[in-house]
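So, here come the structures, one by one.
Below, chain A partners chain B and then partners chain C, in two separate complexes.
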Partner chain A sequence: MARNAPFLTPQLKLLIVDDSNVIRRRIERSQQIEQLQVVGVASNGAEAIEVFRQTDPDVVTMDITMPEMDGIECVEQLVAMKPQVLILIVSALADKATAVEAMAKGANGFLNKPFSDRQLNEALAELIGGA
Partner chain B sequence: MSSIDRARSGPQDHMSRRWSARMRDRAATAGFLVLLVAFIGLVLVPGYRLANQLSADTAALKLASEQRGQPVAIAKSLLAVRDRLGSRAFVGQAVKDLGDAVQGFEQSLAQLKPSAAGNSAELREIEGLWADYRKVLDPVAGFEGLPYRESDAVGTQLSSRGRQLQKDTRQAINASREATDHLNSALSAVGTGLEQQVVTASATLRKLMITGVAFACLLLTLLAYFQWLKARHERLAVEARNQTRDILGTVRDGLFLIDADFRIGKTHSAALSALFRRDDFSGMTLEELLRDTVSEKTLATTTKYVQLLWGERANEKLIRSINPLAEVEVHFDRGDGSRDLRYLEFDFHRVKGEHGVRHVLVSVNDVTSRVLLARELKESQAKSQAQMDMLLGLLQVDPEHLLAFLDDTSAALAQINSVLRVPARGDGDFRSKIDEIFREMHRIKGDAATLGLASVETRTHAFEDLLQDLRNRPQLSGNDFLPLVVSLDEILGHLQSIRELASRAEDLRANALLNAAPRVPPATRSVDAGTHDIAPPLDALAQRIAADAGKKVRLVTAGLDEVPGDIRKTLRDVAIQLVRNAVVHGIEDAGTRRGLDKNEIGLLQLQFKSSEQKLELVFQDDGCGIVPERLREAAVRRGDLSPDAAEQLDTKASLALIFKPGFSTHDGNGRDAGRGVGLDFVLKAVNAIGGKISIATAPGKYTRFSIVLPVHCAEQGAVA
Partner chain C sequence: MLEEQDIRAFVYGTTRYFEVAAQQAASVGSPYLVTEGAPDIHDYNGVIAVSGRRNGTVCFSAPRGMLTVLLMKMNESNVSHEYLCDLVGEVANTIAGTVRRDLGKDFAISVPTVVAGAGNAVELPVGERPVVIPINWRSHVAKLVVCLR
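Our next item is the complex of A and B:
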């Protein structure tokens, strides 16, 4: 099913928000979920809002700790702009209270850094399939 | 995606089965109601009407048959009136009888009218006949008064009214001959018609009755079916309840449901009681359950987390990693004041109904053993890591120094062991034992520090803690020394493992050097082995202690090469203690030194001079110097001297205090801080080889130790 999925299902647009180049590249490179197509990357919250406006993604992976505007505030704004957007927080779990706070703002899932490619793919599949 | 669909098909099948079962029940109920309505509409109501009709018809039939005699009775009454008139007898009674008969017939007709015969042609004929007949009957029946006239001449004669009555009677009798027959036959016809109707109605009623019975049977069957269904449901419900009870009673997880207000449901697993050490959870909220066992912050986060599950946005699987109660440390009162530490794992699952989330299922597990096991594993990993670090550390140490250290230390530990074994008589004996052991252990600690063997340093420091603890006790007995034996054993074991690691390290080194440049083979171990060049390890020690204390120092040495082999070990040990003492007590921290206009790097100088007459080791630091007053205060504080005795001491005697066993101006007990054992050791070591120590100090400027030894001191032997 995975091979011909793009012809059967419309691709979902993915925006990657993370201030780490390494993480951004890893998500770009390792995401093998064929329903997803990376349409933009951003390294902070303010930039994310800008890219979000331009590309209108369906799925967003979001770091919490970033310069300019942090992920929690960004989640809140993105959900206000597009309530049906699917947001996966990808962040180091230093403090569960912060993570829960981000979820309460409207994120759909949480992936703990560091993560394996398999964990990332499973989380993305669960996000778009099980939401 | 497909796996998700498959995963979801199960519950859907189940739901559709439940749906069809519910529809079947509804259809049966609807069928029952339709049947009931039909029974009422088609059987009961018509039956009732028919029965009413039947009873009216029967009454009418009875009436009609009774009326058959009436026309004859009227005719007879007419004849009686005529006869009475003829015999001039009293006619009043006969007329009244006629009137009654007429009246009776009239009423019967009126009663027949609403009956089933009311519309029959026969009755209409009777009514016609009767109307005509009445016209001739009424004058007779309505007669009142006397029909006779009395006269003496002719006796009783008909009066004119009597004659009229006679005429009317005759006319009526004439009419009655025809009317009576007609009326009778018409009444008969009415009766026959009624009879016919009653028979038909009865037949219909019978059919209705049979239909009714059939309906009733059907309804009864349905009722019985419902009853059976109900009983079956109840049986299944009881069975399900029992199974639920068995599951909840047996499952090892604490299971319970919470509603949107976080209130705990009425049913929970038995394990929950064991986990929380309480039986009654009714009416409790999750917060109340957790309040005393987890921190406020965790509780607040938990509340928010569970709220996420009640919302629609968060994906249950994708928020599991941020569950704040995934592993939570809880304390329970044992009841005797002590607390029991457990680790609990909470898991939260949505329970969905037709209209979204209905409950959140909470499962609780006691994961204490798992957590402890993981911790143990981590510790053992850390231990392996430490061993590896130690191995790498040992690779840095000159193998000869290391072997010399191991041999010296083993000997010293044997010495301590023998000291421990010597029987002691009184408190004084115990205390001098402690002092001796302290000195030995302190020297080992110094050596270990010099070689960078942190693991040995830590252990010897812990041993010193035990000794310090003994020193502080008012009374001592032999049993108090048992922990020392245990700890000593542990240090011996540790040294053995270092020896093994050292041999592995040596193998590694040898392998690594196979291809390297040829190396001078290690010198044969001798008494002075390990004391070749004591400057680098001393400097390393000074730097380490200084770094620990946040200070900066520089060690300058001179003439150490000239130290005779036989006293090298002693002088090295002495130098270690002097360096340690100077860095800890003498040198100020960099900030203080800057404030005092001193170079922020403290200067330590160690010089060995030899001449024909004497050997001299001079050690000097440019630290804060020694203030005799401080030493006296410390001695008083420690209880070594009374305030009065302290007052009596001059500067020289005051300075001598620093050589007293256990003396220190420091109260801290860091690894390098004042045990008060260093200088005590120095004095003893120097004395042992026949030397003397002198101190010169200027507060705020310097402290200098001069150790003077006779030229031939080696014969006196080194301290063990």
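Our next item is the complex of A and C:
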């Protein structure tokens, strides 16, 4: 007799990019979206490109103001490498112009810092739900 | 003279961090003018350079104890010097982001830098008298130092 197959939730790989240890760990610890599995972290845009190549994530949280390569430039490069990647900008830059620029480069969502756990999870859920 | 609206944006950026990230509101104490010398600062300082309609420095200065509790409130168990520096930088980053949004047309705001350790000084515009705004959170008091000309 065939056994019922267990319900498998499709896993999406998450890369966290932020120059702050505190924020990287906060996102890693606080995200409670069942489908998301953290596969890498990076502290600047250049490192993010490298980790992205190694881990091939489906979802990225991206800071904007970072050393070496900022988040906006990094978004453009990640989207060029994988157009279907979902990118959530997580930034303290709260002005509309920054959000518009990030979206124009290919980001899919914007979460202002500081954020609560609930706001983070809502933003991630909306991001992957809208895919 | 500093305008109330300018100071309000910096204060709002500061208190918002506690309210949202720690889920526990901070209160604002009575501001005072430093009439002689530089204000006493704490061990951890997030410093923003301001230019445009006004020029100068804004500094969020916090004691180690406040930042340690703030990290713990955010469920972070690593309360090392590196993480405390990160956190004070994040608060300053939030202040900078809020001011860019609210007063962006009038001000250029730098990426925050962190000055940490006893005996360090934050560079303030010469000849200007800084305003210090106490930020009370739990049993701790931080300072928001605003020195703009």
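One rule holds in what follows: the second predicted complex is superposed on the first by the 123 of 131 C-alpha atoms of A that agree within 3 Å, B and C clash if a C-alpha of one lies under 4 Å from a C-alpha of the other, contacts with A are read in each partner's own complex, and residues count from 1 in each chain.
Assume a residue touches a chain if its C-beta (ideal position, glycine included) is under 8 Å from a C-beta of that chain, and two chains touch if they have at least 3 such contacts.
Here the structure is a predicted model, which means the values were calculated and not measured.
Of the two partner chains placed by the overlay, only chain C lies in contact with A:25; chain B stays clear of it.
Judged by the touch definition given at the top, the superposed model places A:116 against chain C, while chain B stays out of reach. When the shared chain is aligned, no partner comes close enough to touch A:84: not chain B, not chain C. Legend: residue contacts after superposition of the two complexes on their common chain; A:93 is shown touching both chain B and chain C. Once the two complexes are laid over each other on the shared chain, residue contacts for A:65 go to chain C alone; chain B is not touched. In the superposed model, A:103 makes contact with chain B only, not with chain C. Chain A residues 93, 112 lie at the interface with chain B in one structure and with chain C in the other. The touching residues of chain A, when paired with chain C in their complex, are 20-23, 25-26, 29-30, 65, 91-95, 112-116, 119. In the complex of the two chains, the chain B residues touching chain A come out as 1-2, 4, 297, 300-301, 304-305, 307-308, 313-315, 317-319, 321-324.
Within the complex formed with chain B, the chain A residues making contact are 1, 5, 88, 93, 96-97, 99-101, 103-104, 106-112, 123, 126-127, 129-131. By the touch criterion stated above, chain C contacts chain A in their complex at residues 16-17, 20-21, 23, 71, 74-76, 78, 82-83, 86-87, 89-90, 93-94, 96-98, 100-101, 104, 111.
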